[in-house]
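One structure coming up, written as structure tokens, with questions to follow.
Going in written order, the chains are labelled A, B and C, and every chain counts its residues from 1.
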Amino acid sequence: MMNAPLKQSPIAPAAALPGALDIRNLSKDYLIDGLPLPVLENINLHVQAGEFVSIVGASGCGKSSLLRLIVGLEAQYKGDILLDGERIDATSLERGIVFQDHRLFPWKTVSENIAMALSNLPLDKADKARRVTEHIQLVNLQGFENAYPHQLSGGMAQRAAIARALITQPKILLLDEPFGALDALTRVRLQHELQRLWIQQRSTMIMVTHDVEEALYLGDRVIVMDARPGRIKHQVTVDLPHPRNRSHPRLHALKDELLAELVSH
Amino acid sequence: MTQSLADIDTRPASQLRKPVWLALVDRGSWLLSPVLVLVLWALVASRGTFSPQLLVSPGDVARAFDDLWHSGELLENLRFSLSRLGIGFALGASSGVLFGVALALSRTVEAYFGPLFQTLRQIPTIALIPMFILLFGVEETFKVLIVTKAVFFPVALATSEGIKGVPNRYFDVARVYRLPLRSLIKDVVFPAAAPTIVTGLRVALTRAWMVLVASELLAADSGLGQMIEMGRQMMRIDVVMVGVIVIGAIGFALDYGLRLLEKRLFRWQNT
Amino acid sequence: MNAFVRRSRGLVLPILLIAAWEYTSRQGAAQAYAFVPLSSIAQGFSQLLASGELLTSIVASLQRTCSGLLIGALAGIVVGAAMSVSTLVERALSPLYHTLRQVPILGLIPLIALWFGSGEGAKVLIVSLAAFFPMVLNAREGFSHVDKRHLEVATVLELTSWQRLIHVQLPAAMPAIITGLLHALAFAWVSSVGSELFLSSGNGLGNMMMNAETGSRMDVVVIGVLCIGLLGYGMNLLFSRLGQYLLRWRGSR
């Protein structure tokens, strides 16, 4: 089912859906041994509702920090981060995140892990159970409901983490190098799955990755960031319809452009 | 990268510099609760709500300590207890190390002595007190032997584990250089196993101290335990407290002393 | 050498020792006093069983150990967790804890006896204290090493403080708590017997042995020692299995 060909159709992000992100003049310093280290400098970014934005850049704290600020794990910053007009200063179930390490609780089964996200939603038990089952099916983990994380492969655990992040139906999903720890084959499979999920769910997604091909395959836009301090250097728009064909020549051309940009200065 | 981010301090710089007086209070606060407890104790004792048989003031305890010290009684009892501990420890540790070495290096010894050793090790030492009393009477022998037992088993175990823990690589190198057995043990095995063995010695010592005090409490005519028991029977709680504090102090000193020794001997370890 | 012969080598020494014991007991009246013949041990055993004394003693000792262990371990977990979470509690309690820890529990028995008498309550208090001290240390270890990354997930999932405690911190600390529990068990068992030896009113294996010692009944003493060893081993096995079950999510290590 996972490898069945998806319908080719251009899907434009619907402007009326909630989940529009506005970042204006964002700057962030970290304190290392009492001295301020600038990590992000004057970030300006507008993400439309339902858009998929990929962020690539050299290794450095900037990209992850940006995601952590958006999800609300860091509360102190200069500038504005607005989700549908509201300033972000704490975590919320409207914003979900998938980390590079799946961060499933080792002492809970797959179902229990996914259900943890529903702990504080006003749903009754039956509804919760139903949603959990739906999302397990969504990520193709049927049969592994009662497995513990140590029994899962890296790809499966990451799928469970994605289910946990999506089950609250967040306005925006952040992904911090979600497939970086997986082998090449699993990565390709999961990229395909993520694309399928995005087409189905249509939540806004922002993904940080160091894999340029992955960024182009999944994203409507690819942002290139410079490190130390983190700044937006370059942007490309990928105006190809979803679902995408990996071997499309335009993707290759864009890849060359991005690599050149990343390597320069 | 996300792992390090979770640890980074993101407070603004102005919050991080502490005034000097605050830093001092910070350091001093560690002493706060024991001092508070002492003060509370003195207060409650002076109110007289409890009879002198139940609660004496810190001052009374200090006075009792003074009396016992100057009359020589404390020192004499200490001498008895510590000498029993010393002899028992020497016996138990030496035999424990020897046995531990044999157990680790010889499969035959392990096969014949191993199971019995592991079984006997499970028996708590104080459970053996009645048996030892019946076998050896209530004199010195019984006390020294019970300390020996308490020391032998943990030391033998630690020695055996320590030696078994020596990486095989070391043995291979020794074999390449064709080291004779004596040199092998002295220059390779012992230094490598020494940290574990010394830790075992330390644990055994503190346990032996506990067991000795217990046996003196139960059956003795001299020693710290006996001093406490006498105090208890005569309802002299101040004497009992002096005894308890001295026991604690010696236990601490023994443990701390060996820890210091460990640190000095094993500076080459980067734990 | 086949497996059977290899394993039975371990039995050679015990059998020899038992034979030597039996031999010594037959050498004369004086020896028989200390090294009672095996037959009288067997006799003593059936006597104790018949009179019910053995069972009563075992039950009493076990009961005391379990109540003391429960109280002490729970208190230890609570205090240890509090110490790891709050610097204030750590500052307040840690110095006291480390000072009191230096005095072995058996040394505190006379003091406790003076204050609380020699009844069952005093003994359970002693056992609780014995279980408390090791547990505090382990619980504090466990709670202070909860993976920060899991705590971040708890924040992102908007868990309340209570949910955080129950679903993240407690399970994460569980391995350390189980280790602490096994140590606490050993201390509790030893101090239960110790308190019985010292405060010889009431029931228990220690009492049984003290009475036997007074009456020069070596056979009963031997039986007592064997019971204590076996029960201690058995309880440790039981709790280890319990721990393995509770930590089954860890997989092979």
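One rule holds in what follows: a contact is a pair of C-beta atoms (placed from the backbone, for glycine too) under 8 Å apart; a residue touches a chain by one contact, two chains touch by 3 or more.
Predicted model, so just to flag it, every value in this text is computed and none were measured.
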Handout entry: Most contacted chain pair (by C-beta pair count)
Key = B-C
Practice task
Compare the CA centroid of subunit C with every other chain's and tell me the farthest one.
Solution key: A
Fill in the blank from the handout: Between the Cα centroids of subunit A and subunit C the separation in whole angstrom comes to 51
Completion exercise
Distance between the CA centroids of subunit B and subunit C (whole Å) is 19
Problem - Rounded Å distance between subunit A and subunit B, as computed from the means of their C-alpha atoms - result: 55
Problem - Residue numbers of subunit C (touch at least two other chains) - result: 149, 152
Exercise for the section: Give the residues of subunit B that touch two or more other chains, as numbers and ranges in rising order. Expected result: 2-3
Practice task
Specify, in ascending order, the residues of subunit A that touch 2 or more different other chains.
Solution key: 99, 101
Fill in the blank from the handout: The residues of subunit C that touch subunit B in their complex are 6, 9-14, 17, 34, 91-96, 99, 102-111, 113-115, 148-149, 152, 189-190, 193-194, 197-198, 205-206, 209-210, 212-213, 216, 218, 221-222, 224-225, 228-229, 232-233
Handout entry: subunit A contact footprint on subunit C (complex, rising order)
Key = 149-150, 152-153, 155-160, 163, 167-168, 171-172, 174, 248-251
Handout entry: subunit C partner contacts - residues on subunit A that touch it in the complex
Key = 71-73, 91-93, 96-97, 99, 101, 103, 105-108, 116-117, 119-120, 148-151
Exercise for the section: Could you please specify the touching residues of subunit B with respect to subunit C in the complex? Expected result: 2-3, 6-7, 29-34, 37, 53-54, 111-116, 119, 122-124, 126-131, 133-135, 206, 209-211, 213-214, 217-218, 228-229, 231-232, 235, 237, 240-241, 243-245, 247-249, 251-252, 255
